[in-house]
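Chain IDs A, B and C follow the sequence of writing; residue 1 opens each chain.
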Amino acid sequence: MRRTPRRRGSRPEQRERRGQGSADVSGRIEAGRPGDGAPVSERIATAVIELVGSGGYESVTVAAICGGAGIDRATFESSYDGKEDCFLRVHGAIADELCLRVNAAFAAPSSWLDRIWAAGWAAFGFLHEDPLRARFLLVEVNGAGSRAQSRRDRIIEGLAELIDGGRNELEEPGSVSRCTAEMVAGAIYGTVLARVQGGAAERREHFLPELVYMATMPYLGARAAEDALLVQPLR
Amino acid sequence: MPPGRHLIPHDFVAQNQRERLLLATAELVAERGYQKTTIELIAKTARVALVTFYEHFKGKEECFLAALDESAAAAGEVFAELVDPGQPWQDQISLGLEVFLEMVEKEPARAKLCIVEAQAAGRPSLARYQEMLESVAPKLREGRALNPRASLMPDGLEVAIAGGIAWLVHRRLLAGEADGLKALLPEMLQVTLTPYLGEAEAGRAADAAQARVAA
Amino acid sequence: MAKGTAKGKGKDSAEGEGVGRQTTRLPAGRHGLPREFILQNQRERITTALVDVVAERGYNATTVANITKAASVSRRTFYEHFPDKEACFLAAYAMVSSHILDSMQVAADAFEAWPQKVRAALATMLRFLAGEPELARVCMIEPVAAGGEIAARHRSLMQSFVTILKAGRPQHSGKRPLPEATEETLVGGIISLIVREINAGRTEQLEKLLPDLVELTMAPYLGAEEAARLARS
């Protein structure tokens, strides 16, 4: 089945989320711990991220979220339909922010290779900025139900779309299908997941070169891809 | 089993029950997901008493993990049987990949269990999934001997490639498109072999695989 | 501070195995040492010897015989470790470049801001090359002359500096976007200046280049004034 590439920036879940109120977690980073003055959605997000981080999705209760956020049950229930809904919204907001930053970085340079690097730097900056949030975004989503799994799958698809642009670097763009980009995206996501699981975000590890190596291998060839491995980022 | 004298040894019955339970688990989880599969349902589908379930497994998780392990072991046996370690490395990889895709096409429920559901059934299960990916690494790694610049290659490359293959299959399983998987063999092979052999050689292997699949 | 360059002066380098000059030769005969240790020791001796010989004769004039003699290993031992002279050079090059890059990273870690990181990294690189004139020649001059795989690897490594610099771009969006070729030009310029100094026999004064290099490198991002301030501080 021939798949035509989708145009960038038109992912459905991006459009649908713009209409809803969503937990804004970007403010967390500058403010550190949100105090009483922080908006409710922010405090809920923080509580969810911490609770899931310490005990896993299964262990989290609405009561614990309310306690951690310093709100009463009624307030929670006026905004969320329950634990899963809350998790998905918090997760969605984080995923959106990452996508925004990555897409913005991707848009700037003019060569595909530079775009891949720029997107990568943006993603790593995001991960290292807040390791707990990184862990929440990538690791905890696995145990959080099928809608969360779908969300994760969409993130990988988004990555595949960025990578698929490499086809234009080939002499015959038609010689390779979207399947290659999907496979590479899966490989990259799996690598990032395993590393974040192992504490790479806390240790601020830089393994972007190996990811660029994987992303560029099918489109620029083995020699050019290996060049990426020589890059040692200045952290 | 009715009370009284039994001709069939208890071990056999137990083994048979265990197998039925594992089979039921695989089918149910593939169909409705891990969360929605209950012990009652497993026992019922396996035509086994609830009490008997607990004779074999402490709980749902243990049963699921056993199903995973058994599938992985069965797959390992198939590979061992069909892939000849005496063959050139790239031929082993090509055949191994083809065998894998065929296994998925033939038993999509079991494949879904190992590739999709394993990631969503708790931390021990996720750990098993990781182990499955890692088990492929040593064979892939043998290819490094063919690359004069192997020292540059990242350590996690093999596991990453396994993850990429798993992801492709994952997508198709979710979309109910397991049937068309073998058609992806040439492209998957190209991506897999390029880091070791370079794109030209990998392309040749992919073309040869294309011919096999088309036949 | 006087810096000896001849073999045997034994500069110690606590950080880098194989970068220092003194590596002991194992007594002949059965030593009861684990094979891995012997291999590692031999490999280090060979790569160290290669650096010395290439610094003296140039890559193209260097033969495997020259290397084995300097390393006090047999020809057979050499070929147990490396298929040829080129592979040996690539290994040495990889080792030295990793060492320099790691040192640059450590220096950059001491600072939070990108411009300071870049300056610290540049300073470290210049200091290292200035302190090891033989290595400087072997890493910056010889690879180009060697051609083939070695020159390709060298070009790739220099190109990687372009990628590293580019990573800083998003933080410094000026009033108008920078030309695409900015980093390429900067890195090309930096390397060209370093090579000029080495060729002129002024390797040991390389650190004098630092202020100018910092100012030129950071000017497109910070503006001329701030770049000058950074360079002279």
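Operating definition for what follows: a contact is a pair of C-beta atoms (placed from the backbone, for glycine too) under 8 Å apart; a residue touches a chain by one contact, two chains touch by 3 or more.
Worth saying up front: this structure is predicted, and the values here are computed from it rather than measured.
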Going by the average position of its CA atoms, which chain sits the greatest distance from chain A?
C
Kindly work out which chain lies most centrally, taking the average of its C-alpha atoms as its position.
A
Quick one: chain B and chain C, Cα centre-to-centre, how many Å?
46
From the mean C-alpha coordinate of chain A to that of chain C, what's the distance rounded to whole Å?
36
Whole-Å gap separating chain A and chain B, where each centre is the average of the chain's CA atoms:
27
Sequence positions of chain A contacting 2 or more other chains:
223, 226, 230
Which of the residues in chain A come into contact with chain B in the complex?
1, 56, 58, 142-143, 145-146, 149, 153, 156, 176-177, 179-180, 182-191, 194-195, 207, 209-210, 213-214, 217-218, 221-223, 225-226, 229-230
Interface with chain C, chain A side, in the complex: residues 105, 108-111, 114, 117-118, 121-122, 223, 226-228, 230-235
List the residues on chain C that touch chain A in their complex, please.
101-102, 104-105, 108-109, 114, 117-118, 121, 152-153, 156-157, 159-160, 163-164, 166-167, 169-170, 177, 180
Residues of chain B defined as touching chain A within the complex
33, 35, 119-120, 122-123, 126, 130, 133, 149, 152-154, 156-157, 159-161, 163-168, 170-171, 174, 177, 180, 184, 187-188, 190-191, 194-195, 198-199
